Every structure is written in C-alpha cells, then in structure tokens.
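You will see two complexes here that share chain A, one where it goes with chain B and one where it goes with chain C.
On to the complex of A and B.
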C-alpha cells in the first residue's frame, strides 16, 4: 500500500486545479486543508516523514467527497491516497 | 534570528496567522515549474494593516519576503529562494464592492478569478482575463504575473483591466499606497499601476485591486475545425483575422495534442487533425450569419470537419478539448515516462500573428532535432503559443535537452519579432531569455533601468529577490 501511495502521489504536478472544488480548503485556512496539500503530505509521510499535529489535521479533515478526483489532470486517485494514508496510521 | 522570526510574527499578527510547521511550510515552497526550495514560515495576512506590519518587520530585520497567490506559476516566480517568509494572500479573499454603473469591482487580492466571475455573473458581467488556471488563479497572482488567457485576442491582459491598486512598500513604515484611479481615464503622472502589473511581486506587496469589468456577451458563434495541414489551418486563421471581425477566442492545438486532449476529456468529438477553435461574441440577431460565415471560411480552407454552435451553452462541448490542453500535456508526460517523477515544461512565447505558421513549424523542427516529444497549443488570436515538453527529474540527459530546447524556442520567438514570455512572466527560469531578447533589441540598458526601479521600490532587496532581473 505504501508503494501505491508513493506512486500515485508522485504523479502530482502541483497545478492546484483540485483546490477550488475542495470544501475544506477555505475553512481550514492553509494549503494543507486542500487536496494538493494532502497528496503531498501523504507522499512525504510514506517517504519517511513524521506526522505533526497540522499534518494529521490535514489528512483527517478530508471529507472524502471526491470532487478533486474529478478534475485532477494527472488522474490521481486523491481520495484513495488519503484513505490509504489513514489506513497506514495517519 | 531565523528561529525567532515565526515567534516575532505571531506576536505581531496573532498566532493563527503564522505557520512554521515544516511539512505545511514545504507546501508553499514549490510550484508547478518543478522549482522548489525552503521557507522559514508562512504568514497569512487578513487585511491591509497586517500586510503593512509584515513589510515593516521584514524591512527592519532584513527578512526576505515572498508574496504568493495560489502558486500556479510556471517560471519560478513564486518560490522562496533564498530562504525567507512566504506571505500567502489566500485569506484576503473578499469582494469588497461591485459597481455596475462604474463598471468596476474592488477586491482583496486573494479572490480567485473563477469565484469573482461567479459573483459578477449575477449582475450580467464578467472579468474577462481567463488564464488556463482561471478557477484557481487569484487576482493577486494575475496582477503580479500580468496574466492573459483564452480571451486575450479581444480583451488583452491584466494590464488592460487593472485601474487601481492598494500596495504596501517594503520600507520602515510598511507604507500603504493607493495608485491608479476608479475611472478608465486616468493621468496620474507616471503610470505606477502598469509598472506593478507584471512585476512578479518584486516591487511592492499588492493587497487590493480595482478592476474593470465588462458585460457578458449576449451570445456567441463558435466553430471547431480540424485540418490535415498546418498551412490550411493558418490560411483559415489568416482569413478570419483579416476580415474585420474581432474574435473573442482563437485557440490552436496541433493534431497530436488535440488527440491526447480528446482522450483526456473523453470528448465524443473525433479529433481528425490540427485543431482551430474560434468564437465570436455577437447579438442574437447576428449569430446565425456569423456562425455560417465561420463554417464557410473553415470549409473553404480545407477543414476536414467543422462543428458549430450559436449559443454560449452550446459551445461548451466544443471547448472541452481545448480546456484539456494541460491534462493532455500531463498525459503525454505520463505516457513517455510511466512511473517516474516528471516535470512538464510549458513555454509561453508570443509572435506577431503573421509569423505563427513559421513559429509552429520551427518549434516542431527544434523538438524533432532534440528528440523531444512536443505538445503545442496556444491562444493564437494574439500570437501566444504554449509548446510543452516533459522530462523525468532523475534524467539529467533529457533535462539538458529540454533546457536547450527551451532556449532555442525562445530564440526563435525573438527572431520572428516576438517575445520570450507572453503571459507567464520571467521568474527565475527566463532571466537569461529576457537578457537575450533585450540584447537582440539592442536594449540591454533597459535591464539596468529595471534594476534601478527595483531599488527605488525595494532598497534593501528583500521582496521576492532574484526574480525578473
């Protein structure tokens, strides 16, 4: 599962097209509360990074609504990455 | 000192407006250009006063500051290099005032262009600058990069639509200044508004903007056509451009790119060749005549297939392929380098419309010579092309080829009387190209003048240093 998260998240080109659709981005107050932030946090964590309070809030505040999946130009399964990240312990 | 900065800023602004968690900060230290770095902290001003406090603190303590919108920059214009603090305007996202009578809107710069247009549509109006990333681009990002977009042929770029700005200077007081007017006609001495527009956050922190707005078109006629040769396509283009009609949109994609975009968008339209998409805004009474004229011109010039529409809603399916240009470029990169981290480099040249066929032909030739798979699209109504190639980050040989390709493409644009950057800006990536362009014009002195201007606005060189010049 780690390898899958890494491969999937690595596809991110950082365009941010996913962000305007995310219902948690504005209330959250920073990029970590949007899909672009979450995917890259998940990537860093599976690559050996350590969770902080903010990164945990980022991963667990996702509503898994899937709006971002519909617009991602790289066709990343963003919701899948976040689910997997939670299953891997954050 | 570096450790103290986030604490100082928390005391100054409030603890919720500063983040120094390295994982979160890293999200603000990279951009789609592939260029990344590190930052000390991210601050989130919520009003002009906050911006002034940040500028003053940075000046007094010699801290480098990097303004950011949504970081869709493609030239390294938003990365915090060398290390400093990122000033993210995302929380300054209020639409302050819409005045239909004055045809203006006042906004904080964190408002996204897509959200602005949703609000303006309630009044039957729009803000016409629409870069490919319109839904995520913020007003501040568009102002600083001098953004353009699909409707550039008719509506130009940001410099044509910004009437006034509230800016904050990186000086001891964090001076707040209002420049420009709330009227279209405005002679306020030297035009500081247009100096700031496109300055890539190197001269002042832009906090608020007064923008011109325009009524939504009543309707539009659209034709989407496919051609077997570039020569035929640009003949049709030439005829439309020379007819006295000013199209709202004129978009081009070469065959390979359009095919990929068609697949990426799952469009039911069969991509049969190089693609030309033209929309002309008009009133209901004229639309039938304009639509049949567009069809006639396309067919007369050898179009293999033409799809048309007489309404804005009806044109949506015809735009689907064009809107998938970036996904197509990403898809091409994924096909070429499956399972590898890659960067998509999108060029941003402009040439006089009369030189477009030469430019496209040259870009294809250069790409072939370098052995690179190129994808070409662009806003051809104003001569702006976005050829794109990709490389895997771990392959130095391909990366070197891409850098050579980029230089050759830019050089071609300059030789054809064009420019190295139409709407994305200079940032870090294009400084050498800008120099090459000015050298070709015999105007290297202009770069010295630009450096002098930078010094006047930012004497300590703390604002987005190292970018542009």
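On to the complex of A and C.
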C-alpha cells in the first residue's frame, strides 16, 4: 500500500485543477484542505516525513467525495491515496 | 476541527465494546422491522448496514462535539466518554434525536413496502443486520474493518443471503465495491433498492405531484453509477425532477462525511449545497441519511427536505 501511495502521489504535477471542485478547501482556510495539498502531504509522509497536528487535520478533513478524481489530468486516484494514507497511520 | 486521533479512538472503543461505532443499543438497528414480521432467512435479503438507524445517534454526537469544538473541551469530553464507556454507561452519553429516529423508521418501512408493491419479497436478518463498517473503512481502520466485514458476510450467508438489497449509498458502495477486496470468497450480489425498483419498472399511478430538486449522493453518482434510476422512479411517480447547478456525477457533497471530525467545515459545506438546491422551487429529495441529516441541520422551515422512499411511497 505504501508503494502504491508513493507511485500514485508522485504523478501530481501541481496543476491545481482539482482545487476548484473541493468542498473543504475554502472553509478549511489553506491549501492543506484541498486535494493537491493532501496528495503531497501523503507523498511526504510515505517518504518518511512526520505528521504534525495540522497535516493530520488535512488528511482527515477530506470528505472522500471523489469530485477531485473526476478532473485530475494525471488520473491520480486522489480519494484512494488519502484513504490509504489514513490506513497507513494518518 | 477536532483531533482526528481522538475521534478514531472513540470509534474503535465503541466498535470493540458494542459492535457499533457510536454508543447505541444493538436493538436500535432492527427494531424498525419488528412489526413487519419479515422472514429471517432467504434471498433477496434487505441489508441496511445500520447507517439509517445510527443517524439519530450521529446527530446527537455531532451536536455534542460541535459544542466541545467551540469551547476547546474536546479532550475532557473524550476522557469522560471513554470512562463512561469503560463503566458500561455509554448509553447515558448519547440519546438519539427522537424526531430523526421516528423519521428513519418511516423511511425504512417505506422501502420494504415499496419493494412489496413492486413484487419483491425480502427476508431480513434482524439481529444479524450488523453494522457494515463504513466509518472504519473511511477512517483507515483496515484490520478492524476486515474483522467486522468477515463477521457480517458470514452472518448474512448463514441466513441464506445470495442477493442483498441495500438502502443507502455508503452501504451499497462498501458491500459492492469494497467488501470483495477484504473478504475471501465474497460472492454476495449487491443492489440498491432504487436499482431493484427501477429494474421492475415500478410505477406509482399518480400525476402532477409537483416539482422536486434532486440531490445526488456522491457515492451513488460517482462510484456506483446510480444516477438515472432515481430520476426515472420519481418521474414515474408523478414528480417533475429539477436539476440543481451541480448534479449527476458533478454533484456537490453535503459535508456529512466529516461532520464528526470537522463540524464547522461540514456545516459551511452543507449551507453552500443547500443554497444551490434552494435555487430551484420544490421539495429537496435526498437518498442518503447522512445527506438528509446534514442538510436538514442547516435548513429552516421554508425549505422542505424529504427522503426519496417517502416521496415514492406518497
């Protein structure tokens, strides 16, 4: 699962197409509450990074609604990455 | 936002103690069906997975958590909740919302009646209508989820289930698309009751029942391709179905999935969605108990929200 998260998240080219569709980005207050931020937090964590209180909030505030998956040009399974990141310990 | 790790611990504790993610009595899952005297074995079998029935408890928990989020008393509240749970007094912590509970009972009974009218006789496992584990999966509690999924599968099989009819989008998705990855030899066929009704060509002989605005739940629309069936059924029941700005696969979430983790964010999202839905005239129709509860929580008396089962039943 760890290798899958890493390979999937590595495809992110930071385009941000996912962000306008994410319901949590605006009320969350910063980009950690949007898909691009979450995917890159998940990527950093599987690469050995440590969670902070704020990165945990980013990962666990995702609705898993799948709106971002529809528009990602790199076809990243963003919902899958975030859920897997939770399963790997946040 | 609340501390996610504390919420996870609370869910884990309750699941291990009661087989449910919140402190609710086991009987609350199947008491709605007692007056119906359904056969307890056979197929197709209606499997609720408990999400509808847990909604009144979730509403109460979220109300309490929202207060602790404001007052920064979360840790204290969790410690108290865990202590009561350890003493077997967790029933004192959560009281279900009575109005929501009676609404949910009506919805579930209507679903069985709709199936009957369509000529589909269903069995129901009563005590074995166990919680599906949706929240465990969403929170990433995979080993606990798997342990529970195996128990649910075995219980349903022991009651003779081959085809199960689900009643909400979360349970439909988890039973159809997730369980096969976690339960070895999984062979249950899973259909939402909306799919079953649409397949039978179910029709209510009534016309001109007015406008309704449809709110697609994310899991039905994006993950299970259940988009046309509710529209066909509502159209056949005499309603004029209106589409909000974002609908079908491009629907907008109600905020419900994070109501227990981030109540303020969830509420902001629900308000946004409700204002979109209210742009069109007519009753707002939901197909998921979480959508219903979350939208209802931010609505006023000018907005009417109704579960699809009650609208179809008339």
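Going forward, the second predicted complex is superposed on the first by the 90 of 90 C-alpha atoms of A that agree within 3 Å, B and C clash if a C-alpha of one lies under 4 Å from a C-alpha of the other, contacts with A are read in each partner's own complex, and residues count from 1 in each chain.
The definition used in the following text is that contacts are C-beta pairs under 8 Å (C-beta built on N, C-alpha and C of every residue); 3 or more make two chains touch, one makes a residue touch a chain.
Since we're looking at a predicted model, the values are computed, not measured.
Undergrad: Following superposition onto chain A, is the placement of chain B relative to chain C best described as a clash or a fit?
TA: Superposition result for chain B and chain C: fit.
Undergrad: Taking the superposition as given, does A:41 touch the first partner, chain B, the second, chain C, both, or neither?
TA: So A:41 only meets chain B here.
Undergrad: By the touch definition at the top of the document, which applies to A:70: first (chain B), second (chain C), both, or neither?
TA: Touch partner of A:70: chain C, not chain B.
Undergrad: Go through the superposed model and pick first if A:60 touches only chain B, second if only chain C, both, or neither.
TA: second
Undergrad: Could you look at A:86 and tell me whether it touches chain B, chain C, both or neither (first, second, both, neither)?
TA: In the superposition, A:86 contacts chain C only.
Undergrad: After the superposition on chain A, what angle is formed at the C-alpha centre of chain A by the C-alpha centres of chain B and chain C, rounded to the nearest 10 degrees?
TA: For this superposition the angle at chain A equals 120 degrees.
Undergrad: Could you tell me how near the closest CA atoms of chain B and chain C get once both structures are overlaid on the shared chain, in Å?
TA: So the smallest C-alpha to C-alpha spacing between these two chains is 10 Å.
Undergrad: Of the residues on chain A, which ones does chain B touch that chain C also touches?
TA: Residues common to the chain A contacts of chain C and of chain B are 26, 53, listed in rising order.
Undergrad: Can you list the chain A residues touching chain B in their complex?
TA: 7, 10-11, 13-17, 19-20, 26, 29-32, 36-37, 40-41, 44, 49, 51-55, 58, 73-75
Undergrad: Quick check: in the complex, which residue numbers of chain B touch chain A?
TA: Residues 16, 19, 21-24, 26-28, 30-32, 42, 44, 70-72, 88, 90-91, 93, 112, 114-115, 133, 135-136, 264, 324, 326-327, 330-331, 334, 339, 341, 343-344 of chain B touch chain A in their complex.
Undergrad: Where on chain A does chain C make contact in their complex?
TA: The contact residues of chain A facing chain C are 23-24, 26-28, 33, 53, 56-57, 59-67, 69-70, 83-90.
Undergrad: Using the touch rule from the top, collect the residues of chain C that touch chain A in their complex.
TA: Against chain A, the touching part of chain C is residues 1, 3-5, 7, 137-142, 218-219, 222-223, 249-250, 252-253, 255-258, 261-262, 264-265, 268-269, 272-273.
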